[in-house]
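Sharing a structure below in structure tokens format, with a few things to ask.
Letters A, B and C mark the chains in the order given here, with residues in each chain numbered from 1 onward.
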Amino acid sequence: MSEPLSFELSRPAVDPPRLPEAEVAGPPAADVLGREMLRARPPGLPRLSEPEIMRHYSRLASLNYSISENFYPLGSCTMKYNPVVNETAAALPGFADLHPYQDEDSVQGALELMWRLERALCAVVGVERVTLQPAAGAHGEWTALRMIAAFHHSREENRTEVLVPDSAHGTNPASAALSGFHVIEVRSGDDGRISLADLESKLSPRTAALMLTNPNTLGLFEREILDIAELVHATGAMLYYDGANLNAFMGICRPGDMGFDAVHMNLHKTFTTPHGGGGPGAGPVGVKSELVPFLPAPTVERTNGHLTLDYKRPQSIGRVRSFYGNFGMLVRAYTYILAMGGDGLGQASQDAVLSANYLRKLVEGDLDMPHEGPCMHEFVASAQNLHDKGVRALDIAKALLDRDFYAPTVYFPLVVPEAIMVEPTETESKATLDAFAGAIKEIVGKAKTDPQSLHDEPTKLPVGRLDEVAAARRINAYLQGLSEDPVLRWKAPAEALETASQKTLQESPC
Amino acid sequence: MLETLGVRSMNDLLVDIPQSLRLESLQLPNGLSEFETMAQVSVLAARNHVYPDRLTFRGGGVYRRFIPAAVSAVTSKPEFYTAYTPYQAEASQGTLQAIFEFQTLIAELTALDVSNASLYDGATAVAEAAMMAYVHTGRNEVLVSGYVHPEYVQVLRAFGEGRGIKVRRGAEANKKTAAIIFQQPDFLGLLVDAGQLTKAAHDAGALAIACVDPISLAILAPPGEYGADIAVGEGQQLGMSPSFGGPHVGFIACTRELVRKLPGRLVGTAHDAQGRRGFILALAAREQHIRREKATSNICTNHSLCALAAAVYLTYMGPYGLRHIADVSFRRAHSLAERLARLPGWEPAFPDRQFLNEFPIRVPRARSVVRKLARKGILGGLEVNHWFRELKDVLTFTCTEVNDPQALDELMAVLES
Amino acid sequence: MADRRYTKTHEWVTVDGKHATIGITDFAQSQLGDVVFLELPSAGRKLAARETFGVIESVKAASDLYSPVGGKISEVNEKLASKPELINSDPYGEGWILKLELAEDLPADLLDEAAYKKVAEASSH
């Protein structure tokens, strides 16, 4: 079952939709603007009627797995349920129809929501202020590093290095490099946690910051975090928190209390704004008092119940995006926090930790567990035990797809071979967890008796395993001018192009 | 579950956390029922004044447009909006194909070779294009020519500082210039000589980056036709509500030579063992999670759902619908401009320049004009003085297909009184 | 078989008079997976020992390429543009990457067959 592209469904006979006429005096653009200003060839947009459009997209929708239908145990992604009331809130005209350049007096409700969200996030993570501007996790991470760079610069300290654990997500070093830092890796010890000895050997007066996820990407709480904070601060460096795993301990403990100076959060993970197939999300960053002057401008201020946007921030790192942030996502996150409350958020983290440990226990006989438990909200298993059967983490992932489960994260973190990172979240019932564990058992059983069959899965989805290598080679051939098939877009067959442009010159559109 | 684990309580699972860090509870009020939650949120929504779209004449990067019902009908499908990033391609063909269609639509609109899967907004798109130029040419200066959206320039500077890229104003490129960046139509709505700016860039061995309005591309010559290397822009007008500034969508497209430097995600076609065509995330080796510190950028996501909205919008409109919208907007704006210029003391700020559907006009006492209109429920022109000192008392007005002729009459009636 | 030397970063080099040929090892290509693209410099460029001269990409990874020895590039394997898979199928033969005109002797710390084998074993999971 597959669906043609809209371009392939396009028919020249389809009329454009009925749209308002200008109904004012005056010539059309084509008569006023010079020839050289005008488009020579019309854009090759497809032509479909509305019923065809709706059918096309409905069929595409049916080709997707989504959290509304399937269990998504993706480690580090916190695929918890997206409450539909959040959508209703964000769609309220009082939010959706606000122009960002309206007078402040006319958007007091929106500013109040941002201010309250900021206060709530401060309470959850233990910081003084939060910027809501960054549009995504990586964006927020870069913003935090820019603030840290500005801080050191303001003290005329030349700190050029950022320390990152070897288990870190690749965004960490990329964001650091983008901020002008040189990245140095710190090794993990055998227990999966950061090696204090290695950390100590790499800290120096050149260190701007240590970036840490806690619990780390193995789902393990950094037990020595208070010592780590002390070590880092003693050298004058700052401690940055990557909020990917915040769902592990809301209401249990706070990064701010651990000594983190900049605390990054993902509203699309911990605070359940929907992933949308890749975005939009939001990546707010919380800061302690030393970093407050460097926050992106404008900030939202509240005096005597009146809200204003503060642009007078001379030490600010500037703007990291247009306007104020992904406001629509801020509304969703705020609605979630309001509905959950402090008690609900605390319960969510506890349930997340419980579910992960329970699931880990169920599958520990089937897969390798490289590190000792207990884990927090996620755990990392390894398919290394199936290596001699020729079965890899990728095969397990694809086999799960055939059993109606979305696959966990595989091949991350890099420090574990054949890694399978599982995060069930608090959303899932015991029944779902039992079913998932059952599927793992069945797949591992198959790996031992009939490994070849796993290499062919998935077989029940619209397509089987797609040949990424062949695709990459075709793209590279195009990029080197050895082929005209772009692969990264649809292109009309050459003859069709000619006929279309001829037709357009003859046709006289509205 | 605790029994299966063989532990007595949650605390046994939380052993790794130092006692000194343990909280009693969060300093937040308790949770609420759905009814009470919506009641509280609605109170906040009601504290905002919503200007009807027909009485909105303010643009500055975000515009009121007719949004076909089909757009939200598609984007509110849970299979799309609750789906994760399409890493497991076989289970994400819906999202991947929709994004592939988006990429093709943007490439067609801009007349360039390849578009990526979208970025956060127009501002960060400009910054990403500048970084591409920096990586490609090895030069560390970019020139901003003319009235580019001031917030885009601010974001460009913020990114530039982190990367060691200098941002200068002007159009005199030299051998230190990685790119000339211009906006078409510009922030005031005026048309620039894109061909000449592109040539100036190329003559100096620099790239030409065009920041464009996607709906204008139905009428205006697109970047590919005048030889620009990279096109970027803000896609909000393609089916997204203003939403106080976001989430919207940035786009970026480029020539074949620059594709390897494109930041963010790219979707491409691939085939399975049965020869069936599918879609995958392609050229991942460019990206931050593999290149780590050597990537062009650190962006690892796209505004997928917003890109989907844009794809539905463009597919609904088709080439002729889009051209019609652009032309209606053009004619209404020109009609309005003429009428406003007849008001005593009102005059076009740049009478010799052409515009599409947004224009700058100098008025007596801009602030009071705007206030007067607001009192009558009209969102009037945008004051630009605080960004551009030389534009004292200049307002930019916008017209789109949502400003019906009666709305123009109502606007004039208030100003004439 | 020419006397091959190796780097810790998994490149190999053979010498023939004043010329050297460089490639990546069989171990490296198996770790990388199917090669899809190489970013390589042009002939004429001078390289120093240990300098990075390009990137090799598979679908899931990208690795820097380091020159084992200093010299001037005399030839780049053009076949790799359209057939990067040669590196996987024949890493020591048809999958050669660069030829250099030597500017100096081979660095003393290059590894011999046995020493490289140890390095490879230590790196593999």
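Basically, a contact is a pair of C-beta atoms (placed from the backbone, for glycine too) under 8 Å apart; a residue touches a chain by one contact, two chains touch by 3 or more.
It should be emphasised that the depicted structure is a prediction, and the values quoted were computed from it without experimental measurement.
K.L.:
Kindly work out which chain lies most centrally, taking the average of its C-alpha atoms as its position.
P.N.:
Ranked by how close its C-alpha centre lies to the overall one, first comes A.
K.L.:
Counting C-beta pairs in contact, does B-C beat A-C or the other way around?
P.N.:
Answer to which pair has more contacts is A-C.
K.L.:
Just the number, please: Cα centre separation of chain A and chain B in whole Å.
P.N.:
19
K.L.:
Express in whole angstrom the distance between the two chain centres, defined as the mean CA positions of chain B and chain C.
P.N.:
44
K.L.:
With centres defined as the mean C-alpha position, give me the chain A-chain C separation in Å.
P.N.:
37
K.L.:
Would you mind listing the residues of chain C that make contact with two or more other chains?
P.N.:
Residue numbers touching two or more other chains: 36-37, 57-60.
K.L.:
For chain A, write out the residues touching at least two other chains, lowest number first.
P.N.:
Touching at least two other chains: 468, 472.
K.L.:
Can you list the chain B residues in contact with two or more other chains?
P.N.:
As it turns out, chain B has residues touching two or more other chains at 260, 290-291, 294.
K.L.:
Can you name the residues of chain C that touch chain A in the complex?
P.N.:
The contact residues of chain C facing chain A are 33-34, 36-37, 57-60, 81-82, 84-85, 125.
K.L.:
Would you mind writing out the residues of chain B in touch with chain C in their complex?
P.N.:
Residue list for chain B touching chain C: 260, 284-285, 290-291, 294.
K.L.:
Using the touch definition from the top, list the residues of chain A that touch chain C in their complex.
P.N.:
384, 411, 417-418, 468-469, 472-473, 476-477, 480, 482
K.L.:
Under the stated contact criterion, what part of chain C meets chain B in this complex?
P.N.:
Residues 36-37, 39, 57-62, 64 of chain C touch chain B in their complex.
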